[in-house]
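Dumping the structure here so I can ask a few things about it.
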Amino acid sequence: MKSAAQNFRLSAALRFAAATALGAVALVSASAHAGTVSTEPEESTVNSIPAPKPSWFFVQRGFVLPGTAIYDSATGKYVAQIETATLGDLAIDPNGKYYYSAETHWTRRIHGTRQDYISVYDSTTLKFEGDIDIPGRILVGGREHNFIVSDDGKTGYIYNFSPVSSVNIVDFAKRKFVKSFELPGCADLILNPGVGLAALCSDGSLAAIDLTGGKVDITRTDPFFSATTDPIFDNVQYDKAKGQVVMMSYTGLVYTAKLGAKPTVGAPFSLQEAAGLRKAEAKPLDLNWYPGGGQPTALHRASGHLFVLMHAGEYWTHKDGASEIWDVDLAARKVVKRIAVEGHPTVLNVTQEASPKLIVVAEGEGQGAGSGFAGTAQVIDPATGEIKHSIKDAGSGLVQLAN
Amino acid sequence: MKSAAQNFRLSAALRFAAATALGAVALVSASAHAGTVSTEPEESTVNSIPAPKPSWFFVQRGFVLPGTAIYDSATGKYVAQIETATLGDLAIDPNGKYYYSAETHWTRRIHGTRQDYISVYDSTTLKFEGDIDIPGRILVGGREHNFIVSDDGKTGYIYNFSPVSSVNIVDFAKRKFVKSFELPGCADLILNPGVGLAALCSDGSLAAIDLTGGKVDITRTDPFFSATTDPIFDNVQYDKAKGQVVMMSYTGLVYTAKLGAKPTVGAPFSLQEAAGLRKAEAKPLDLNWYPGGGQPTALHRASGHLFVLMHAGEYWTHKDGASEIWDVDLAARKVVKRIAVEGHPTVLNVTQEASPKLIVVAEGEGQGAGSGFAGTAQVIDPATGEIKHSIKDAGSGLVQLAN
Amino acid sequence: MKLFNADGLGEKVLRRFAGGTSRRGMLARIGVALVAAPVFPLLPVSRAEAAKPDRSPESKTVFARNAQTTDDTKCDYWRYCAIDGSLCTCSGGGIHSCPPGAEPSPVSWVGTCINPDDGKAYLIAYRDCCGKSFANKCNCDGSDRETQLYTQQLNNDIIWCFGTKSMEYHCSTAVMVGAA
Amino acid sequence: MKLFNADGLGEKVLRRFAGGTSRRGMLARIGVALVAAPVFPLLPVSRAEAAKPDRSPESKTVFARNAQTTDDTKCDYWRYCAIDGSLCTCSGGGIHSCPPGAEPSPVSWVGTCINPDDGKAYLIAYRDCCGKSFANKCNCDGSDRETQLYTQQLNNDIIWCFGTKSMEYHCSTAVMVGAA
């Protein structure tokens, strides 16, 4: 990271400068002579950063402050800010070359003409490269599945709700809007390799959206969950290598679906039973452990471990922050570890490194739930439960990863 | 105040409803029968507010949150929000009919085309009535003298710095931009009845700006203060009835100038000497009481009392928050009272009522000085020093009044 | 009493929202139920049904057991069981009134809340007031029977400012629709 | 050593800023001194003058007496005696470097700060990095010799993003101009 490297350079040079009792001024200019105070004017420069790394995480600053902060989970250090908007959605080019920010603005702040577009930023200079106008997008923010990019990085899909439910398709190579299609009764876009997309639907089914032909063909599985009684969290986990999605319901039922032209959904298992507890009920009064938060699950794909933000409570507390993170071995259908967490985080992700790091974020204090002020991010080692880094005022929104 | 009235109506009705053991539902609809639970659907309505009152104060929410909050100092209650922008300037029509918000925005949030304009809002409905485009304005925020309105309410003056120093004139009756003129070396616009404007200049003079002819005629007094050694705070006090301005320097020198085509500046007096202390110096090391903050003085015009935010410290601490408010009788040149304040407020104003109220605001906690988060506002009775109301998260910017 | 039937609600309202015209598939296109504002005709509410005592499990959420009916500027006011955002009652508005200068959205998300005074369930429309910047006063986040994005009309994270001049979110009201 | 002479500074720099052309009254129109960025020619700095020990009162402000020279991510770093805003050193930039994607303003306000290691005064240009939204990290507000709006080049509240593509303020750097 650039700033860490600079700090090192500065302190190394300072040790030398200290011997001459002249201090840091000696090294602020490349043309300065060590041993004399430099009065050489410095040049203003602009830093650049590497392409996204597997150890980086991206935190939306929340509902009030625009921008997505990049941190390195290896160091806990801030890298830079990607210029996203409040209620915006960030997508990261799988090839690591671009950041895409889906935004909506009026020409005159809150009045004038509405504009919806994707801003394109180079991933190393973070320079603005241009906008791709689109017909609209949902205004909600804080979701991973409203703006997704195809695995080859060529196509972007942006969910729209106007309140007609539809999807916009953008060609990133040509940097232009291609077309939109209506998606009645479904949302939560998921890549569906070889087919196009998948989505969750309000009738409790999974839709397969075939984009390979001229006409968009939408088919649905049989309903397998209740969208009103025991909904599946928006925050579904997509695993390209296995061609599947892992889903979590409010009561803690873990579903796995095989993607394809005709997705198949396996029988779910209860998270609580997987932890040796009784299954949770889809009604209040019964105290149990429940998943909760805005981004309650994260999948470490290589190991097949699902991490879940859990809190003790009753049903219909699915937005509550966590007091534990449960580590679920999906193949064994077992909760293999319960990690205590502080600060009631509502947002969770996990890096895809061989030794993964958990990232949790809690909303900032003050002005009540939903004020959207930046809160503390923690980097946790799931192997030990140790807090590796704690970053104040990091953000309150989604945590995303580059891969 | 509308919401206060509603609360009263609700609680009065509740007392009645309690007798029927049916609760608040009985009265949510005008067509409900008391004694039965109403299932009548309610209509969505929109509230309106009275024209600005002498007891109201207007707090900019700060550098991060747009909007100016109206509070009533008589009740401590929130009235509504005027739709101003961050780095924007609010001006209040002296006739009480409009609020004017000077703003600058780019068509696409932080890129696109720059637009500078005055948005006009009806003072009772707060409805947006339209924009008046102007060629530019200074981006600084938090100042009273960058956007002022003539005493008859017909003309607006907006300071611009691009970095050429100039003034834009707007006709509010016709709702259009009239013209701009350059104002080299001066800023801080003050009304100058019968002449046009006055301004403070970097050579330590006061400029008279004659707008009565076709050509703008700018003349300056002899320099009477040092703009770099002992500057006069931007926050000068204009008194239309007396045709004068009251000014405060960093060291606490109080200047009074008679406005006109050729303004005359009287000999200043020392605030500290007026309090029976030694005069403050314009250099550090000497500990004394100094004025400080973003809006450190406020004049109660009818009584000729100047209130000043004061802190104990050294020179060049002119942004520090206050631990006392000094009440200065200008005619007697005496500090007649020192009122202890908590929370280190940096912003002060005083209502122009017969029994005035002081309003102080301190910047919100967190993320360091200048983070611009909303802090606590206090309403203080200057007669007793009593805190009448304390309002959390009120704002961090300027406090303005309607008259 | 059943759980709120979104589809049943939707059909009636949406036909009205679509202006009563025969425009193809307004309901199918939206695929969700929406609660129309008074500028559009309102739901017919069965008083007989509303009189039935509610014994369903949803009457006993943590929120419902702790709710009060006297102060609508607090998050635990009974109607706020599924609200998310700033209360308009703290921002110059009322329980069903927008603050001056804001515009009520003609459509909204809905909640089913229990009035602890009579133990009955009522349908509440959380109508956003739009066109002014975030009030950020009295922020609350109720989650009774709140669902996810694919069931939009029961999700409270969406900015529900459709059909208003500006979609900028200011605050939320909790408008009585009728017995659930 | 005298207090920083704004007018003396201004004339030299502004002639350059105005492109060396004879365009009428650039200096008079602005009426202030501005410090140009390296894309414009820089001030000639007298090394002989810089070598003189500083005994002036301004070397002894509260800020100067408590300043340090080792950590440029803290508000008490010596060069920040008159900075106002977010430190770029905390936001992916450096003491004279903008974070990626931000653009340094070609002009800036200035401060005169004392380096406690040699006790001498240096002219520091607080060059804003522009075109990204407020970093809001490591916010500092130094006020040594900071003045009011009518002396713009010594005021640190103004958004000093002139001549950049976007005037959105991101963070501030503290660039060494030379001995004061």
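By written order: A, B, C and D. Residues from 1 in each chain.
Just so it is clear, contacts are C-beta pairs under 8 Å (C-beta built on N, C-alpha and C of every residue); 3 or more make two chains touch, one makes a residue touch a chain.
In this text, all values refer to a predicted model and were calculated from it rather than measured experimentally.
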Q. Which is the least count of steps on a path of touching chains running from chain A to chain C?
A. 1
Q: Please give the intersection of the contact partners of chain A with those of chain D.
A: B
Q | Farthest chain relative to chain A (centres taken as mean CA coordinates) | A | B
(Q) I'd like the Å distance between the centres of chain B and chain C, where a centre is the mean of that chain's Cα atoms. (A) 38
Q. When the C-alpha atoms of chain C and chain D are each averaged to a single point, how far apart are the two points in Å?
A. 53
Q | chain A and chain B, separation of their C-alpha mean positions in angstrom | A | 41
Q.
What's the distance between the Cα centroids of chain B and chain D, rounded to whole Å?
A. 29
Q: At least two other chains touched by the same residue of chain C: list those residues.
A: 131-134, 136-137
Q.
For chain A, give me the residues that contact two or more of the other chains.
A. 64-66, 83, 110-111, 128, 367, 393
Q) For chain C, which residues are in contact with chain B within the complex? A) 37-38, 42-43, 45, 47, 50, 69-70, 72-73, 89-104, 115-118, 120, 122, 127, 129, 131-137, 170, 173, 175-179
Q: Within their complex, state which residues of chain C touch chain A.
A: 3-4, 6, 28-32, 34, 57-58, 60-63, 75, 84-86, 107, 131-134, 136-141, 143-152, 154, 157-159, 161-162, 165-169
Q | chain B residues within the chain C interface of the complex | A | 2-3, 6-7, 10-11, 14, 21-25, 28-29, 37-49, 65-67, 78-83, 121, 124-128, 393
Q: Using the touch definition up top, name the residues of chain B that touch chain A in the complex.
A: 64-66, 83, 85, 103, 105, 107-112, 115, 117, 119, 128, 131, 366-367, 373, 393
Q | Residues of chain A touching chain C in the complex | A | 63-64, 87, 104, 106, 110-111, 114, 138-143, 145-146, 161-165, 182, 184-188, 199-202, 227-229, 231-234, 283-285, 294, 313-320, 367-372
